[in-house]
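Before anything else, here's the structure in question.
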Amino acid sequence: MIFAFLIVGLVFFISYEMFVDSAESRHKFGFDFIFSSNWNPVTEEFGALPFIYGTIISSILALLISLPVSIGVAVFLSEIAPKSVRTPFSFLIEILAAIPSIIYGFWGIFVFAPFMRNTVQPILQSTLGFLPFFKGVIYGTGLLTASFILAIMITPIIAAITRDVLKAIPVSQREAAYALGATRWEAIKMALLNAKSGILGGAVLGLGRAIGETMAVTMVIGNKAQIKASLFEPAYSMASVIANEFSEASGSMHISSLIEVGLILFGVTFVINSLARLLIYSVTRKA
Amino acid sequence: MTGIETISGRPKNLTRRKLVNKIMISLCVVAGIITILPLLYIFFYTTKSGLTSLNLDFFTQLPKPVGEEGGGMANAIVGSLVLIALGSVIGIPVGILAGIYVSEYSGSIISTIVKFTTDVLSGIPSIIIGIFAYGIIVLPMKRFSAIAGGFALGIIMIPTITKITEEMLKLVPQTLREASLALGVSRWKTSLFVVVKTASSGIITGVLLAIARAAGETAPLLFTSFGNSFWQTSIDEPMAALPLQIFAYAISPYDDWHRQAWAGAFVLILLVFVVNLIVRYVTRNKFGTSQ
Amino acid sequence: MSFCFFNERPAIEDINLRIRKNRVTAIIGPSGCGKSTFLRSLNLMHEMTPKSKVIGSIKIHGKDISESNAVDVRKNVGMVFQKPNPFPSMSIYDNVIAGLKLNGNKKNSDLDDIVEKNLKHAGLWEEVKDRLKTPAMSLSGGQQQRLCIARTIAVNPEIILMDEPTSALDPISTAKIEELIYNFKSEYSIIIVTHNMQQAARVSDFTAFLYLGKLIEFSKTRRMFTNPKERLTEEYVTGKFG
């Protein structure tokens, strides 16, 4: 059963390979790489801060948008919907999780970004325009649009895990709540509280997905290495810069820097996924 | 109402609780609808734009040079098939065998580590897998190639296949394993010829799911398989792939190319839909017989 | 054949008995007394349960089985389970030869004969001879259990362990299996676990009574049911508890 070990070896090998291949950039820039926002292939100066910023902000926003909806869907699927609705509905959610990200991106450029530009963003600006987040020129593409697309993409993932975790909570607990005179929502709330570490695990897993998402983000985030307060402004993410620049990178320093961005991305997603799995195991194993 | 009032003595509180109940339950239903809306929108939009652009040329013609109308994605479709075949050579055996290990030897520390690593591997962004394939195949070969792309897709397929193999094997009743062992059949033969054979339809669905996922992957192919506007049959050369072609056409400024990209997107969505439908059907049968 | 067994685990302990060749030995006792655990350790099946261990020795023809490979032991010590468990993905025919095939003996010319011989032996041949290629799951529960018996004897074991082989079956199927057990005596040594005392009285030559993981009494069946030595045994066989 060497093949099983192969997987463990593979993960180590991936991290080793990226560590070695990014040596050039790591030696030259050191920790400045993370804190500098100057990314200039011509002068061979590389700092990854704008990408890290874009990735973190878009992913966290996506999670904030997605989480309440995901929990709602999971509750709907596991507690409210009758079986005749539940089965086709779960199927649709599975499909939503299986659609290739390139299609989300494509749809994002041609349908969703214009919708943001013409409807959502003007409304936000006219009502909440006094906040720095909603100032500036409206492009349609940008940080906010990317966050929404990401939110759509991670909702099925978080919802599926929340649903599984809720299923792992024994029915007897809910019956006990009902027997004490709780309303339906109060019984559900108790189940949710009991499942909270599992739900948190699902959320963290969704966050990991959002951080690593490449194609859809590349197509709608605007691809501009800058840090601006306004969410309407274009931005850039770690995965997108790799996708855009890697195959046409000029010098070895450029490649090495991109691999270092990849290494950071790998490290972050590795930690986040490990955390998420531990949280999820802690709930589902008990049941 | 009056009965409850006398018992609880707090009618207002109860009214409020019932109201909260109604609101929250409705919000959950609304959440369900909100989630499904983009799916339906994407599905119908892609179908509408894709179907009108889909024609025989799409499947039989090569891409036309910039500025000329027409052409198709024949080379990209063939390229995707080649890449998936290459990926399957790596992904299917490793995925299934690891799944067997995790399920049949569950409980041991090693199998827990493997299970955990598999879960973590499934969360690693596919673009990272692309960099990895670039590092160990493209760099030494000094050129982009279908081999590198297939390798990346293979790694991406592994966790999906492992996970489903594991779950399907867990559905096989313990008594069958005992029956085989009691005949003096060794443990690995029992796993391979009795348990896996019994769960084979479930495992095949896992493979299908992994293939559907790999077919839509774009990021790891960007700098491994790279893409190609021409026929390419040798696997140590850059090769076109459907999602790469969709990406290139989608961000181009030409309407005709956008139409073709929608056609490609439609083909991909159809693939995902059909595979998921098959998986549903097969796994439902599985549950039917085991309960 | 001599046979000794010690165990210091809480489940069962201090069981010493000699099982005679070509006889049927029944193991009886109330639920949870360790009958199945005991039986499963005889062909090293307990290894399927994580962290379980046998302390002491189990000898067949004076040779300790823990010294040989579990696979070899199980070829020699067949087992029939509580619930019929034919392989669902195989036909009736393939089920009978499953053990041979998986162990790597497959001279195709002999297989037909082997299938016929063992199905006849298990009293199933007449019922299934026209549909050997149909799935094993199409048989009734009693037929499935006889198929499992045919599958077990096809490997040519010396000893057959039966773990409540009729508890999932109707009375008619049970009678057929009991008849098989009676006929098998000339060829095999059989150890049968049963919760049904009448069954033990009907089919066995020797009976062991287990209670709370301990061997209370072991003697000839007739004696056990007519004139038991121990008070506990008497109470159990006369239905005072259990």
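Order as written gives the chain letters A, B and C; numbering starts at 1 within each chain.
Convention: a residue touches a chain if its C-beta (ideal position, glycine included) is under 8 Å from a C-beta of that chain, and two chains touch if they have at least 3 such contacts.
Treat the numbers as computed from the prediction; the structure is a model and nothing was measured.
Chemist: Please find the two chains that have the most C-beta pairs touching each other.
Modeler: Most contacting pair of chains: A-B.
Chemist: Closest chain to the protein CA centroid?
Modeler: Here the chain at the core of the arrangement is B.
Chemist: I'd like to verify one number: the distance from the centre of chain A to the centre of chain C, where each centre is the average of its C-alpha atoms, in whole angstrom.
Modeler: The mean C-alpha positions of chain A and chain C differ by 57 Å.
Chemist: Compute the distance, rounded to whole Å, between the mean C-alpha positions of chain A and chain B.
Modeler: Measuring from centre to centre gives 17 Å for this pair.
Chemist: Between chain B and chain C, what distance separates the C-alpha centroids? Give it in angstrom.
Modeler: The computed centroid separation for chain B versus chain C comes out at 46 Å.
Chemist: So which bits of chain C are touching at least two other chains?
Modeler: none
Chemist: Residues of chain B touching chain A in their complex?
Modeler: 17-18, 20-21, 24-25, 27-32, 34-36, 38-39, 41-42, 45-46, 93-94, 97-98, 100-102, 105, 110-111, 113-114, 116-121, 123-132, 134-136, 144, 155, 158-159, 162, 209, 212-213, 215-219, 222-223, 226, 243, 246-247, 250-251, 258, 261-262, 265, 268-269, 272-273, 275-277, 280
Chemist: Provide the residue numbers of chain C that touch chain B in the complex, in ascending order.
Modeler: Residue list for chain C touching chain B: 43, 45, 48, 50, 70-76, 78-79, 81, 83, 85-90, 98-99, 102-103, 148, 151-152, 155, 161.
Chemist: Any idea which chain B residues touch chain C in the complex?
Modeler: 107, 173-186, 189-190, 193-194, 197-198, 200, 289
Chemist: Using the touch definition from the top, list the residues of chain A that touch chain B in their complex.
Modeler: For chain A paired with chain B, touching residues are 1, 3-8, 10-11, 13-14, 17-18, 21, 68-73, 75-77, 79-81, 89, 91-96, 98-107, 109-111, 152, 155-156, 159, 183-186, 188, 205, 208-209, 211-215, 219, 239, 242-243, 246-247, 258-259, 262, 265-266, 269-270, 272-274, 276-277.
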